[in-house]
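Right after this note come the structures.
First subunit A sits with subunit B, and in the next complex the same chain sits with subunit C.
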Partner chain A sequence: MDFLYYAYAAFYQFADAFSFLVLSGIGLAVIFGMMGVINLAHGEFIMCGAYVTVLSARAGLPLPFAMVCGTLSSGLVGLVLERLIIRRLYQRLFDSIVATWAISIIATQGMLIVAGPSLEGIKTPFGSFELGGISFSVYRAMLPAVALLLLGALYWLFVRTRFGIHSRAAMQDADMAKALGVSTNAIYSKTFGLGAALAGLTGALYAPTMTAVPTMGSAFIVQSFVTVVVSGADVMLGLAPSAAALGLIQALLTGFHGQLIGQIGLLVTVILVVRIMPTGISGFFLRGSGSK
Partner chain B sequence: MLPNLSGPQTLGKGPLFWVLFFAAVIAAAGVPLFASSFAVSNFSYFLVWTFMAMGLSLMWGYAGILSFGQTAFFGLAGYAYGVISINWGDAHGLTWAALLASLTLPVILASVLGYLIFYGGIREVFVGIVTLSVTLVFETFMAQTAGPEWTIGEARLNGFNGMSGMPALTINFHSGDLIFDGSPFYWLLLALVVLAYLGLRVLVNSRFGNVLVAIRENPERAEMLGYNIRFYQLIVFTIGGFFAGLSGAFYTLWGSYITPSSMGLNAAALPIIWVAAGGRTDITAVLVSTIALTWVSQQLAIYGSQYALVLMGIVLLLVVLFAPNGFVVSVWRSLSKRSFVREAADPVRKFTSAAD
Partner chain C sequence: MRVSNWGKARAASLMLAMFGIAMAMPAAQAADPIKLGLLEDASGNFAIAVIPKIHAVELAVGEINAKGGILGRQIKIVAYDTQSDNTRFQEFARRVIQQDKADVVFGAFSSASREAIRPIMDRYHQLYFYNNQYEGGVCDSNTFVTGAVPEQQFSTLIPWMMEKYGKRVYTIAADYNFGQISAEWVRNIVKEKGGTMVGEEFIPLSVSQFSQTIQNIQKAKPDFVVTLLVGANQASYYEQQASANLNIPMASSVNVGQAYEHRRFKAPALKDMYVTANYVEEVNSPESNDFKKRFHAKFPNEPYINQEAANSYDAVYLYKAAVEKAGTTDQKKVAAALRSGSICTNGPSGKVCIDPKSQHLSHTIYLVHVKADHSVDIPKVWNDIKPYWLGSVGCDLSKKSDHSQYTPSHLPKK
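After this line comes the complex of A and B, so read on.
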């Protein structure tokens, strides 16, 4: 029996790392895959989702509704910023990335001025369970399932819906899609909003497990970069295997050598992966199949 | 050598520009004669950052390599000077040896990382992501070194609170020590800034600089013309790392302390802001904007660093949206159009500004 407990504990570690990587990268990956923009304000959308969730939960809203509020508000902010700023920079990739960095700084420091250094948190729901003397949080044990569900939902969105077909067309060949009557600007705008909303959802999901501080986005940022760079441009194809592989590496290194070595391991993996597969896992899968 | 001080890759030429330049240098050198020691220390602080900014300008503005993590080299050199100088002490001129040793580390890191990046085929935005990740991991690493086990020789790394107590640069004479703090430190920095500035002007106007601009404009074309673009990119990346290291070592010398947050996300954004605001394609513009913006930040920091950072974020946003060539470069060009500042019509400039 003891062996089973340890096996579960190891699996829990891996699944925890996997879900953290998927959730921290998913919003970034959607935007990067569609527009090529690395959204450096990604962490601040996460922060926005977490803040709204915490505040509305403390105002008396049930937690699931509070999370929906967090997700929607972050998505809304994303839509507004896209309209005001990002849209003007579509032809200038570096500038649009630098602009998202500016947004990130303004959001973090502005929040520090407006709301102070930290927010009184909310309790992690569902308590914990115990196996073989090791205690696990029920809530965190559920997050991998949520991550998988979210990946499934995105798959459905991009494969089964009209929006998905149009957006994949725009991703593959924007000019051709435009010629066929797809409004690529509308697609970009919706995609940016979707990416921001997904980041907000990540913030909402992790809000009960961590303290909401203005700089909380930076806790996610390295992991999100790493997942997306390894995944490559095609979210559907790359994100899950990338998070699984990186999650395994991180769980093993963290388990044996501590958290820091886990993070350094991720970084080294990225540099090696990009060396072998410059377009990430999805690019590697697609190589030779004729599509871009 | 000398003709290269002016050329197609730099703004400013002719007697008027150089007269103004020497006047500015002499005025700057005269500051300690009538300013308070507090003001001199502040002026030193502004100068400290210019190396990192000019290095980034060379990388981003001239060679088209946007690194988001120059602070990794800054922090490495800053910490290296701290660790080495605390161990070696300030006798026998060893502080200068510590300075040199601390500058070799960022050069080594930059050449190894640059090799992995450019020979590994990492391109465009991924260069920024990899370098930013490096500096953030470096910050995380230094922040967790609080325990007593993190001691190198006699130097405690001291985790999140940072290191302090390193000796200033010292020349040991028989009659006594000449310690480089206050005015001597400022003069040393000023001399180095002038040297770095003129050196970079010569570099970017040389054949090397022309190749860099060719790579920035179109890497494939430059490669087809027979240039080993990876090698050029690696060299530029290493030079940029060296300059960031120079800033880091002198930052440690300036305040006799260094903390992990000097490698964090906010710190990493600042060089990008200074360079973008001045105009990344010109060393002079970057020099001016770096000094001006660090001055403004410092004025605002009295109320709290968050106000200064919000303003820097707004500056970056405005510059990207409304003056993509940078404020200083834009103003300069509109002045020279009115032939207020002498500048000959320049086909290369015209071409590059049209391509921006």
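After this line comes the complex of A and C, so read on.
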């Protein structure tokens, strides 16, 4: 039995790292991976989701509804920003980096001025359970399942629905999509809004377990870019295996050599992947299957 | 040609007038404000703990100016937001010295940022106050420290914790000079008192996820955990350890007293956290209550008046006392007055004095205990703890100038 407990403890660490990587990266996967906008304000969409969740939960809304509010508000902010700023910067990679970076700074400092340096947090729900003398948080143990569910839903959305097909068509060849009657502007708006909403959902999901401060987005930004870059050319296909591989590396290194080595390992991995497999994990899969 | 008497008189009065202007010049200069350079993090990772410091300086300066200033001169604050960024610190340190010509510089929260600007202060012989608790050991002729140091915070806290909870200790510390050197202090005291370190972990400032650390602690089964975590990211530890039901008492020199975690997190995330601080808002004494009243009158929305706010407030009054003793703002003379051994102030935590050897401050140390509902009690108070360590290992700035930072494993050469 002891062996099983230890195995679960080790699996829990892997799953915890996996869900953090997936959820960090999922909104960016849509905005950067699909649309090609390097969104340096990704962390601030996460912060927005977390703030709205905390504020509405403290205003008395049940936590699940508060999370929905956080997700929707972040998506709404995304829609507005796309209309006002991002739309002018498609195909202008470097300009979009500078613009989104500016948005990130304005959002962080704006939140500091408006809401102060910190919000009183909300409690992590569901309590804890114990296995073999080690106790775990139920809520955090559930997050990997939520991450998998989201990945499945996103895959379904982009592969099986009309919106998904239009969206991928618009990203791949905007002129041809337009010629075939797809309103590309509307598609861009919706896709960007979706990415922002997913980032907001990440913030909502982690809000109970982290401190709500204006700079909290920066805690996600490295992991998000690492995961998306390693996923490679086809983000929808690559996100899960990329997060799984990185989560395994991080959990093992952190477990045996501490947090610092775990963080270094993550960054070394991304350097190696970019060097050896420039098209990322998904490129590796696609080559294996003979397509592309 | 003959110059009329009237003409002579005019020339004389003109000369007199010019002389008068020349005479008046020094007087005009004396009425110029004293410039207090303030380099603090109003934004970024450390803003939570630093904003009350800035307000405390504004409060003290406002009070002094309302009563006529120092030696009849008003104090003017020249403030820069250093954004929790060490390169900004260096940039603004140069600007405040060279361009603004500050008479005194206050600033820095993290030890990394202090060490980033201390060499610049030394290069320009700039009088500098570091108003923050830290890992101790700075023996620098230009630097005066009003925050608490390990012999004030750990030599009190760790033996008390070992007696109450047991001798198995686990340390988690932020991975930079503050955490590393503080952990060394904890390690030494634990060993000296016959305890064992069952674990020690150093955590990068960017880390916000602690599942592995929490599991490691559970496997090591310590009697208490020393948490030397710093910054907004690492503060997520408390909620995460509570939700995993870790339920082990904690001891710290940095929590509660700086970033008021007990007010920001839902109870019972910080249950049984013990902190040694030289001030917290909950201190219920006449001086403290009076300080809080004045602070809230000026800053009604301040969420918490922390330990470093008290230290910054005291620093302004210590500077005032030294300038008045020296009779000038000449930085060398003010520094000499500060290390004369007679500079004290009656601050929010009572009377505190500058130790001439180390240029650090004596403190009243409160043992702050966070209860399950996050209310606070103070089970023990140590009165007038001197910053004795540097003096005992051979740092004596009143006799010999120095610009080093020492640690238990890096002592001054005898």
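The criterion applied here is as follows: the second predicted complex is superposed on the first by the 285 of 292 C-alpha atoms of A that agree within 3 Å, B and C clash if a C-alpha of one lies under 4 Å from a C-alpha of the other, contacts with A are read in each partner's own complex, and residues count from 1 in each chain.
Heads up, the rule we're going with is that a residue touches a chain if its C-beta (ideal position, glycine included) is under 8 Å from a C-beta of that chain, and two chains touch if they have at least 3 such contacts.
Predicted model, so just to flag it, every value in this text is computed and none were measured.
**Q** Once the two structures are overlaid on subunit A, check if subunit B and subunit C clash or fit side by side.
**A** clash
**Q** By the touch definition at the top of the document, which applies to A:Val229: first (subunit B), second (subunit C), both, or neither?
**A** first
**Q** In the overlay, answer first, second, both or neither for which of subunit B and subunit C A:Ala59 touches.
**A** Neither partner.
**Q** Look at A:Gln263 in the shared chain and tell me whether it touches subunit B only, subunit C only, both, or neither; answer first, second, both or neither.
**A** Touch status of A:Gln263: both partners.
**Q** Which of the two partners, first being subunit B and second being subunit C, lies in contact with A:Ala179: first, second, both, or neither?
**A** neither
**Q** For A:Ile97 in the superposed arrangement: first (subunit B), second (subunit C), both or neither?
**A** first
**Q** Mind working out whether A:Ala9 is in touch with subunit B, subunit C, both or neither, as first, second, both or neither?
**A** Touch partner of A:Ala9: subunit C, not subunit B.
**Q** Touching A:Tyr139 in the superposition: subunit B (first), subunit C (second), both, neither?
**A** Only subunit C is touched by A:Tyr139; subunit B is not.
**Q** Could you say whether A:Leu112 touches subunit B, subunit C, both of them, or neither, answering first, second, both or neither?
**A** both
**Q** In the superposed view, which residues of subunit A touch subunit B and also subunit C?
**A** Common to the two interfaces on subunit A: residues 108-109, 112, 215, 218, 222, 260, 263.
**Q** Which part of subunit A faces subunit C closely enough to touch in the complex?
**A** Residues in contact with subunit C: 9, 12-13, 16-17, 20, 108-109, 112, 116-124, 127-128, 130, 133-137, 139-140, 208-211, 213-216, 218-219, 222, 251, 254-255, 258-260, 262-263.
**Q** List the residues on subunit C that touch subunit A in their complex, please.
**A** That would be residues 43-45, 47-48, 51, 175, 201-204, 206-209, 211-213, 215, 218-219, 232-233, 235-236, 239-240, 242-246, 259, 263-266, 269, 301, 303 of subunit C.
**Q** Mind pulling up the subunit B residues that touch subunit A in the complex?
**A** It comes out as residues 66, 68, 116, 120-126, 128-130, 132-134, 136-137, 140-141, 144, 264-266, 269, 272-273, 276, 304, 306-307, 309-310, 312-314, 316-317, 320-321, 324.
**Q** Which of the residues in subunit A end up touching subunit B in this complex?
**A** Listed in rising order, the residues of subunit A that touch subunit B are 36, 38, 85, 88-89, 92-95, 97-99, 101-106, 108-110, 112-113, 215, 218, 221-222, 225-226, 229, 260, 263-264, 267, 270-271, 274-275, 278.
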